[in-house]
Amino acid sequence: MHTPDPTAISGALDAIGVSAGVEEVAKLGVVCRVAPADSRSTLRAFKEGDLAFGFLVDLFGVDTGEAVDVVYHLRSFSRDEDVYVKVEHEYGANLESMWDIYPAGLMPERELAEMFGLTLSGHPNPRRLLTTDGCPPFLLKGSEIRAEDEVRHRERQVVAPENLERTVSSLEPEQSPHAAPAKMPLQEGIAAPSAVQPVDLPAGLHRAPTGVDELQTERLILSMGPQHPSTHGVLRINLEIDGEEVIGSECHIGYLHRGIEKLAETRRFTALGPLMDRGDYLASMHAELATSLATEQLLEVEVPRRANWLRVLMGELNRISSHIVWYGPNGLDAGSMGPFLYVFRDREYMLDILEDITGGRMMFNYMRPGGVLRDITPEADGKIRKFLKFFNQHIDENDEILMGNEIFQARMKDLGVFSKEGALAFGLTGGNLRASGFDFDVRRDQPYAAYPEMDFEVPVSTDGDAYARCRVRLDEMRQSARMIQQCIDGLPEGDFTAKVAKVLRPPAGETYAAVESPRGELGVHLVADGSDSPYRMRYRPPTLFALQAGEQALPGTLIADSVVLMGSLDFVLGEIDR
Amino acid sequence: MAIDKLTGENSTLFIRSEQLFDVARRKSLWYMGFGIACCAIEGLMHASGPRYDFDRMGVFFRASPRQSDVMIVAGTVNWKMAPVVKRLYDEMPEPKFVVAMGACASTGGPFREYPNVVMGVDKVVPVDVYIPGCPPRPEAVQYGFIRLMDKIKAQTEERLAHARSDSH
Amino acid sequence: MNIWLIAILRFLAALALMLVNGVVLIYMLRKVLGRLHVRLGPMDNGPWGLLQTPFDVLKLLSKEDPTPKAVDKALFWLAPAVVFVPSLMAYIALPFSNTWTIANLPLGLLFIFAVMSIIPLGILMAGWASNNKWSLLGAMRAVGAQVTYEVPMLMAALPVVMMAGSLNLGDIVNAQSGTVLWVIPNWYIWNVPAFILFFISGLIETGQTPFDMAEAESELVAGFATEYSSMRFGLLFLSEFSNTFIFAALLVTLFFGGWQLPWVPASALSAIGFLPPVLFVVKTYIVIFFLMVIRGTLPRVRVDQMLALGWKFLLPSSLAWLMVTGVLIKVSQVLAVGR
Amino acid sequence: MSRIYGTGILKSMGIAFKNFFRQPITLQYPHEKMELPERSRGAVVATFDDEGNPKCRACLACVRACPDFVLQMDLTTDPETKAKHIDEFTYEVAACMFCGLCVETCPFDALAMSNEYELSRTNTEPLQYSLLSDVAAAVPPKRDPADRPAPKPKPPAKPADSAEPQASGSESEGADGEGDSNA
């Protein structure tokens, strides 16, 4: 990851007549401050100009006490550089939507407007994303969280009936919550599944007379609600269907919004781990690692080699168990119960190993700034070798039972096809991006922990449909098994953690650390002000971008397809709603 | 039950049939998995997985609330989710039970400082069994179900004792 | 005994057979699925979980039965009966042995198909009356599938009827006795294309995986039975299992030689009175076991793929195979006469 | 298709059938219980020294370390002898997330994570219970002045501007050394 040279950027911006303060911030990179009025021209220059920062990594807000800093984190893959465009907005000001330049910002913009009390304009669907009406902008410094004695005396909380009738209204109030889903702007460009295209008739036969085609069928608005056997958590998709075919779709999220980012501002740095575990609860090891990396970058602590190897070992174990919880239910969505249970049989052994080393089955609290909590136990070493032996045999079996099955292939082939440009435009990362042909993996391109010393390939496929996503993730599981074998054989000697104080007070500063979680690039943007809890911690959820890409790809599929398509994108609602 | 119209509130036939139905109610609890967050992976998927296998105890997954007896609230309930929990609880047919699984459903757990989180699902629906843990092990969920079965038995005994005391 | 008493006794026998079958099949399904998925299945209720299904039925009896307000009351109340009774009536024609059939109908096969075609009507009533979008979709799918596959299923059964020369199921079974080339039993399974066509369209007809679109858990919450609770849902659940039993019984009768053991002459079998029915039921349960293995493994086919499979592959090939069998039989008769 | 259309389906059924004959790995929970690894984190329990009185010195480090206010201690300190008496050390088990932070920060190993997971309660039973109730807090052993370690030699005068990060300096802070509580 090289840092772009500030002079090139300020030169390009002066060329288009934008006065921008470009500076180099320690431990973060180049930050370019711009006034709100010319933020649109700046972003267009960054995207289309020769600077070619075509990828929006993240879009979030920081309340700096007197104004809201809207941060656009941009990245240029060709030159492997990152830049942060900061635009200062007054409280309650109007945030102009940039979705035509960076479509990846569709949902983050709604969340930012709602969480910081800004109004959103120029957005196709300016609705509240995570909270209901009557909720104050939570991420502003002014909004309070529950005090200690209110938390300790639970019986005092009384549920008023009107609390149960909270609706989700638009940021502009006139749109009713039960209206038909807003038309997503980018339907055509993204997905054109051939399964539903009207088949071309053989020669000699011509279509029925035109009168028949104008068959007026009544559209049905089907709410695939928060409680549905296969929405992988509490996601509500508002489908507008004509018969079995989906015409319009809109995702309602926020049913699991627990304010991880707001609570992080009151937690100590050591207590961030358990909080981040519960974000992406299937890959908690990676969330903890991202927070620890960010804190270490601020503290400038050097992590010993054995701790890095242990981090890779635990990360890869957690990657396989997370892919398993995607592969099983994805088979269940397609209707086959068998693979779900065979795959969970392997996951049981993995959770035994993880519990043996860290003490927890799913929530580990194992990775700390400076290293890891405890060393590997000898029994865990033996268990891992035993597990690897039968995992390699089982993974081929589980791969064959579903992926080799013609019915499953017929269900998954060319469903929800994302072109390389479409995937990049929507900010997809991880398996979803590599399935569309773009080879980017944080473990190899921005290496952290001990990944430079590991030898592993990154599986890439080019046809971008649901089947390719399954193929890419299955091969990733095999690569992870290879890496675990290397870690176990070559674990270096040495202590497993650096000397770090009990109560961490990193110096004031700002940094970004990214990790390749099973779902994509999981980043933590940490702003510290020298006290013992972070000033602002932004958690980049890779699956939020996958969800909005899936929302665009739904129209045109059938209901049975929509379930499998959303399953193949592998998202976790704990991380999307934070 | 129709039987008590025939034989009166406290006849032995009524009490015996009530006991029989009570055993049936305990031994076949169909749960409507209401998987909200991390507890859903542990409590619903692993508990009905190959090692812990809820099917052994007659506990079976039904997707629709109409056909389920127990609602497992597995995860954090916030203000946007509370109306959904309430509505699903009302849709379940009568002898229904609620198991609050995990710290978040019992008392708000690690997120109870956040104003958007309901501090415990018992603010929204009457809860029968609380299962502490974050997430509780699948065995802990099965132990919770055993406690639920004992509670159902105790409820029926107390109702029958009431019926018997009327008869003397 | 006068005719009415016998009729009532036979009806009660059919009802008892169906209920016992339902209970045993539900238990067997959960046990087989369990063992297939490396787990145990019901164990704690009764020895090896044998009392599990009776407890389920008793619980369903004791549950409250809410009729949602916005539901079309008459249809909602009638639908489970319209689904349950046809699968009960289909038991009448099943050939348990020469003497043990409930009614030895001369047109047994036709009667079963006629009765089985009422079930989609019941499912449509159930789905549409419960005023629930999910069940409406489930009902539409069920009707679309089952009406489409009546025709190929019948066409696939006709070659067997032609070979046996009669529609009476008992005659079909007797026609399969004896052996060919001394070793191979003279069953009609060797007419393999007819078997495959009948098997696939039968799977779709009874809503088995991989064609269980009507009650697809993962897409349409609980399919057409979403709004049904307690004993009404019990009836729907029970009739689904008895359909499986009827389909397996038809498979055994048409292709696996009914109650006959491969190398044992039919006369020796019918000597011991109760043996043929036991053999018939055992063979049906073996076929059901294989249906359950399919149920536990294969994913679900999409609706339009299934309809395309039906109209483009099953129907034309079953008609073509019907002609081919006719020609083959004619040729074999001419050869037999010639010799 | 490289293979004929139906073979994928038959192969997958073959695999399922192979699993039919594998030994089920089910653990019949109420009858057979799995013995948990030693580090497995269950309910928090207080630890006692060999004479049976608790090791806890009521320094409130754990109450401050817990991010979710699960632990609560009611103390009465005797004004002149400074001896602390623990009236009630309540532990709200239904709110605990079993993260182990309290056990790590306790300088006297007075808390430990047991392997206890059978903690379900019906709605009639309370959701919290007390770990220690009505017991005297442990008193630090009297250190006779003789064996107090020699004072550390004064570190050489540091150049004024090197703002040596405060964190790496003090790692063996005693519990009472904590400054503000972030509650």
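In this document, chain identifiers A, B, C and D correspond to the written order of the chains, with residue numbering beginning at 1 in each.
Just so it is clear, a contact is a pair of C-beta atoms (placed from the backbone, for glycine too) under 8 Å apart; a residue touches a chain by one contact, two chains touch by 3 or more.
Since this is a predicted model, take the numbers as computed values, not measurements.
S.K.: List every chain that touches both chain A and chain C.
M.R.: B, D
S.K.: Which chains, taken as a pair, are joined by the highest number of C-beta contacts?
M.R.: A-B
S.K.: Mind checking the centre-to-centre distance between chain A and chain B? Centres are C-alpha means, answer in whole Å.
M.R.: Between these chains, centre-to-centre, one finds 34 Å.
S.K.: From the mean C-alpha coordinate of chain B to that of chain C, what's the distance rounded to whole Å?
M.R.: Each chain's C-alpha centroid was found; their separation is 36 Å.
S.K.: Which integer distance in Å separates the CA centroid of chain C from that of chain D?
M.R.: 59
S.K.: So which bits of chain B are touching at least two other chains?
M.R.: 49-51, 53, 56, 63, 107-108, 110, 112-113, 134, 137, in rising order.
S.K.: Give the residues of chain A touching no fewer than two other chains, as numbers and ranges.
M.R.: In chain A, residues 151, 228-229, 266, 274-275, 278, 338, 341-342, 345, 348, 363, 401-402, 405, 407 touch at least two other chains, as defined above.
S.K.: In chain D, which residues are in touch with two or more of the other chains?
M.R.: As it turns out, chain D has residues touching two or more other chains at 9, 12, 15-16, 19, 24-26, 28, 30, 67-68, 97-99.
S.K.: Building nodes from the protein chains and edges from chain pairs that touch, which of line, ring, star, complete or other describes the result?
M.R.: Graph shape, chains as nodes and touching pairs as edges: complete.
S.K.: Of all residues in chain D, which touch chain A in the complex?
M.R.: Within the complex, chain D contacts chain A at residues 1, 5-6, 8-9, 11-12, 15-16, 18-19, 25, 36-37, 39-41, 65, 67-69, 72, 97-101, 105, 113, 163, 165-171, 173, 178, 182-183.
S.K.: Would you tell me which residues of chain A are touching chain C in their complex?
M.R.: For chain A paired with chain C, touching residues are 195, 220, 222, 228-230, 244, 331-338, 341-342, 345, 401-402, 405, 407-408, 410-411, 558-561, 563.
S.K.: If we count contacts the way the header does, which residues on chain C are in touch with chain B in the complex?
M.R.: Spelled out, the residues of chain C in touch with chain B are 30, 34, 37-45, 49, 51-52, 54-56, 58-59, 61-66, 217, 221-222, 225-230, 233.
S.K.: Provide the residue numbers of chain C that touch chain D in the complex, in ascending order.
M.R.: The contact residues of chain C facing chain D are 34-40, 43-44, 293-294, 296-298.
S.K.: What residues on chain C touch chain A, complex-wise?
M.R.: So the residues of chain C touching chain A come out as 33, 36-39, 133, 137, 141, 209-210, 212-213, 216-221, 295-305.
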